[in-house]
Amino acid sequence: MEVPGLGQAFALQVGRDMRLAFRHLGQLANPLMFFIMVTTLFPLALNPSPQLLEAIAPGVVWVAALLASLLASESLFRQDVDDGTMEQLALSPQPLALMLLAKTAAHWLMTGLPLVLISPIVAYGLFLPQEAVPVTMGALALATPILSLIGGMMAALTVGLRRGGGLLSLLILPIAMPVLIFGARATDLAMTGMESVGAIYLLAALLLLAMSLSPFAMAAAMRISLD
Amino acid sequence: MEVPGLGQAFALQVGRDMRLAFRHLGQLANPLMFFIMVTTLFPLALNPSPQLLEAIAPGVVWVAALLASLLASESLFRQDVDDGTMEQLALSPQPLALMLLAKTAAHWLMTGLPLVLISPIVAYGLFLPQEAVPVTMGALALATPILSLIGGMMAALTVGLRRGGGLLSLLILPIAMPVLIFGARATDLAMTGMESVGAIYLLAALLLLAMSLSPFAMAAAMRISLD
Amino acid sequence: MWKFIHKFGSPPHFYRLSVVLTPWFGWAAAILITAGTLGGLYLAPPDYQQGEGFRIIYVHVPSASMSMFVYVNMALAAAVGLIWRIKLAHAVAAAAAPIGASFTFLALATGSIWAKPMWGTWWVWDARLTSELVLLFLYFGYMALRAAIDDENRADRASALLAIIGLINIPIIKYSVEWWNTLHQPATISKMGKPAMDGDMLTWLLLNIAGFMCFFIAVLLISARAEVIRRARDQKWLKQALGVT
Amino acid sequence: MSTEPAEPGTESLLEAKDLELWRGERRLFSQLSFSLGTGELLHITGVNGCGKTSLLRVLCGLTLPETGEVSWRGQRVMRNRADYHAEMTYVGHRESLKGELSARENLSFDLQLRHASSPEDIDQALDRVGLARARDVMARGLSAGQKRRVSLARALASRARLWVLDEPYTNLDVPGRDFVDQVMSEHLATNGLVLLVAHQSHGVTGGRIRQLELA
Amino acid sequence: MSTEPAEPGTESLLEAKDLELWRGERRLFSQLSFSLGTGELLHITGVNGCGKTSLLRVLCGLTLPETGEVSWRGQRVMRNRADYHAEMTYVGHRESLKGELSARENLSFDLQLRHASSPEDIDQALDRVGLARARDVMARGLSAGQKRRVSLARALASRARLWVLDEPYTNLDVPGRDFVDQVMSEHLATNGLVLLVAHQSHGVTGGRIRQLELA
């Protein structure tokens, strides 16, 4: 019997997860709403002088991005494990690493991508200089998938533990820190008119690394959690 | 048969939820950890000069508080509904509104309270002036329960009204805004040596309002969801 | 290699070995640390810039470098356990975590104490300091994950995976000083060519580093042995070894 | 679709009048009325998906029927939830256990919401369902049949007058099934009421047994 | 605790050697070996909590046993997961359905990961288990028995050689049970293999039926 190819299996999984998310419209909007809220709250919580906002803009954008994806990764695999569909996935002839990568990709499409797309608006609200916007978008486009992958690995590790939620942030943040530092650095450099291509390259390298290693880590972690 | 009184039922529910959370050592430190980490990330993503940090300290503390309490609330009732224990709760002779309020209280004890208690340390790390610390703690002590109650309502709505719930909860999230604004304002006023008692009173009023109305809203939404 | 791993990986063998080796490392640690510390405190010349305050270096630098060294070892042990399914390796990794966390804490504490006179504050948000703090979180995460899983087998495998993933942070901590311009001291000991540190100071420091290393090995042997005993509590060889019947 | 009224000798406690329920475009049942008195068991049967569970949920007060009413001791259930629920216990398809708590902790919480229960009461209930050895295992580690036994222990120790049991035999081994029959018989003998959904025939002896076939 | 080897006439495909498994402080089984050939059904029985489900999970390759090995066509299962899983299907205690997707959507995803399945194949499988009318109801709205039927439809349409069924009769009405017996018989007749956990006696006819009692 010919088992369907990897590409097809990947597409199937992404399609199913997207469909599930669109059934729950609210779920989809949440990370985005959250991101907008964080970035609008800052000016509200502070005395909103343009200079101050500009100074903190990169920090706010980046921390908000990290937290938004952290927030969502909590539920990345939880329901599938609880309702037993993850068990069936682990028993399908398709490689588990591929299927989990597909789930993470779907997750990124729904949480990370919208965030990249609305970042210019947020940047405008925080008086981020125009010239820093394209760099920030590019850096976010590279960094958010890394964050999703990190979230995926840690979610797979903790999903067997019913109340793993808080533990998850403890596990994710140390690993996510370099991403945050490089990302904020790219924005920072661009703001001051300097060359930020180095930080971008670094992020790209990290993304490649994460994409090639994390699926296997996720699969291994998931098999342990299902044991 | 005499059914146990309301106070006892409340205590039982809080006790059970706390036990669930404390079951694993790692979780004890978690909300706390999260809060510490958020405040660690900011200086990392920014240029960490004390003046800048001081300027953004109120914003960071308040946004972190919002995040830490909303982060966990998403799943406040979800698991109970999925595993059927919510059904049993709805069939117990105790009022559902009370039990849900108790669940929210437990949630606050585990996420909100630690946050209030460690806020002085965080404030130190962000170079917040000493005189603003007591006011900030007081304001946090009033604001975090409101945030938990808001989170509880959102959770009941999302779990309840399967499709529309998500959208409704998006409408509730902005209610958290005034809490943040007043809270940050209290800190801000105290930093500049001004009278901050007005903002504190406002927060207290909001808390009373939330405590008296939200249990019934939660119970009604939950009954619909269990139908 | 395979044979060696399996021989060493057998709990009875390890048990005997650790009984023999522990005193050696224990005494070596005691002697080296005493010598290094006394030498550092009394014999080394005061720093021309920092005066006597610099002497905390004899605790700070060894504990800071051990904090990373222990992590790498823990991750390696975890990897061996995961790949070859050797329980002893997991026991070693589990035993290493609290020791590493203690070294990290010590590095942070001595650094803070040193920072107060040097930089005028207990804490700055500097890359190396922050990444050392993150290392502490990594240790905490590892220990919290272990504690959160009640099944020992699963706890071993899950936490091993986490330790390996966490390895990526070690180079970042190590080289943060070079990648970012920070307040913290760049490498002074290991510089090739002209050593940036006085020879006398260096000797005592190296003695202390060696002492910390021996101390780590001794404590690791003891706590790994405790772990082995706990796991093998109703096995025959252990009862024989302990002389209980 | 209505069964005869309660026998003259027995006191009728539960009354369902003219119930109708829709799910999606389907009417599961309509004009369904019955009453159940002390010492009576109503055995509800019907093919998969005919609406047995849905009926039980209406009778418990979890689901609002399209029309009709359920009353207990003459009072409408929806208006008097607390009084009704104090005398009723429900064992559903799901086990309603917290995976992170042991069987004992799960039970102790559920029961203490109902009445003052000592630890001994709870251990005794667990012993009765054959879980003496697995009392302190986290519920997630229990086997399917063991979980079902915890649910049954909850019903047993609830001191409720009305037992609502949705396929209680599920996942039980043969001695387990016999045990369920036996406790139901005892409950009827002490003037209890049982609403039972089960596909296979039960082995309850004594009490007054009635049938309701949903179509 | 070992059963006889496969009958000479049949080709032995599944082999379990010397399995041992611990849960908590308890040893569920040890030195358990058997082999299963084409057209054979192994009926595993035992009291609640004796380790039947745990054994099935080991045989599926979900749980790592303390010692011992499972092999399929002579190859270790843990090293060759994909090949094994392509020929195996598992129906567990849980239904493994997404509540938010319809029966048809659920099935279509699961099956398309295995082989090119047309929508007609899927509808046909649902028809066979008697769900023609409830195809488009969200799985969360299905009754317990209907959910179980979807799981069975998944196994039926999987084209797998080895069926691993953990109490497949659960929640089914009487015709449903007969249906399960019938499809198992057919599967054995076409040289399939079945691992069956069930408390009550099954009604499978034909094939070679063996028993394994876990203690």
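Should a chain be cited, it is by its letter among A, B, C, D and E, assigned in written order, with residues numbered from 1 in that chain.
One rule holds in what follows: a residue touches a chain if its C-beta (ideal position, glycine included) is under 8 Å from a C-beta of that chain, and two chains touch if they have at least 3 such contacts.
If you're wondering where the values come from, they're calculated on a predicted model, not measured in any experiment.
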> How would you label the subunit D and subunit E contact, same or different, if same means the shared numbers make up over half of all numbers there?
Replying inline: same
> By CA centroid distance, what chain is farthest from subunit E?
Replying inline: C
> Which chains touch each other through the most C-beta pairs?
Replying inline: A-B
>> Measuring between Cα centroids, which chain is at the maximum distance from subunit A?
In response: D
> Rounded to the nearest whole Å, what is the centre-to-centre distance of subunit D and subunit E, using the mean of the C-alpha atoms as each centre?
Replying inline: 31
>> I'd like the Å distance between the centres of subunit A and subunit D, where a centre is the mean of that chain's Cα atoms.
In response: 46
> Once you find the CA centre of subunit C and the CA centre of subunit E, what distance in Å lies between them?
Replying inline: 49
> How many Å are there between the centre of subunit B and the centre of subunit C, using C-alpha atoms for each centre?
Replying inline: 39
> Multi-chain contacts in subunit A: which residues touch at least two other chains?
Replying inline: 23-24, 161-164, 167, 170, 173, 177, 181, 227
>> Where in subunit D do residues touch two or more of the other chains?
In response: 99-100
> Which residues of subunit C are in contact with two or more other chains?
Replying inline: 130, 134, 137, 140, 144-145, 148, 151, 153
>> Quick check on the complex: what are the subunit C residues that touch subunit A?
In response: 127, 130-131, 134-135, 137-138, 140-141, 144-145, 148-149, 151, 153-154, 157-158, 161-162, 164-166, 168-169, 172
> Which of the residues in subunit C come into contact with subunit B in the complex?
Replying inline: 123-126, 130, 133-134, 137, 140, 143-145, 147-148
> Taking the complex as given, what residues does subunit D use to touch subunit B?
Replying inline: 60-64, 82-83, 85-90, 92, 94-101, 105, 109-110, 112-116, 159
> Given the complex with subunit D, which residues does subunit B contribute to the contact?
Replying inline: 1-4, 8-9, 12, 16, 19-20, 23, 83-85, 87-95, 226-227
> Which residues of subunit A touch subunit B in the complex?
Replying inline: 23-30, 33-34, 37-38, 41-42, 44-47, 52, 55-56, 58-59, 62-63, 66-67, 71, 74-75, 82, 161-167, 169-170, 173, 177, 180-181, 183-184, 188
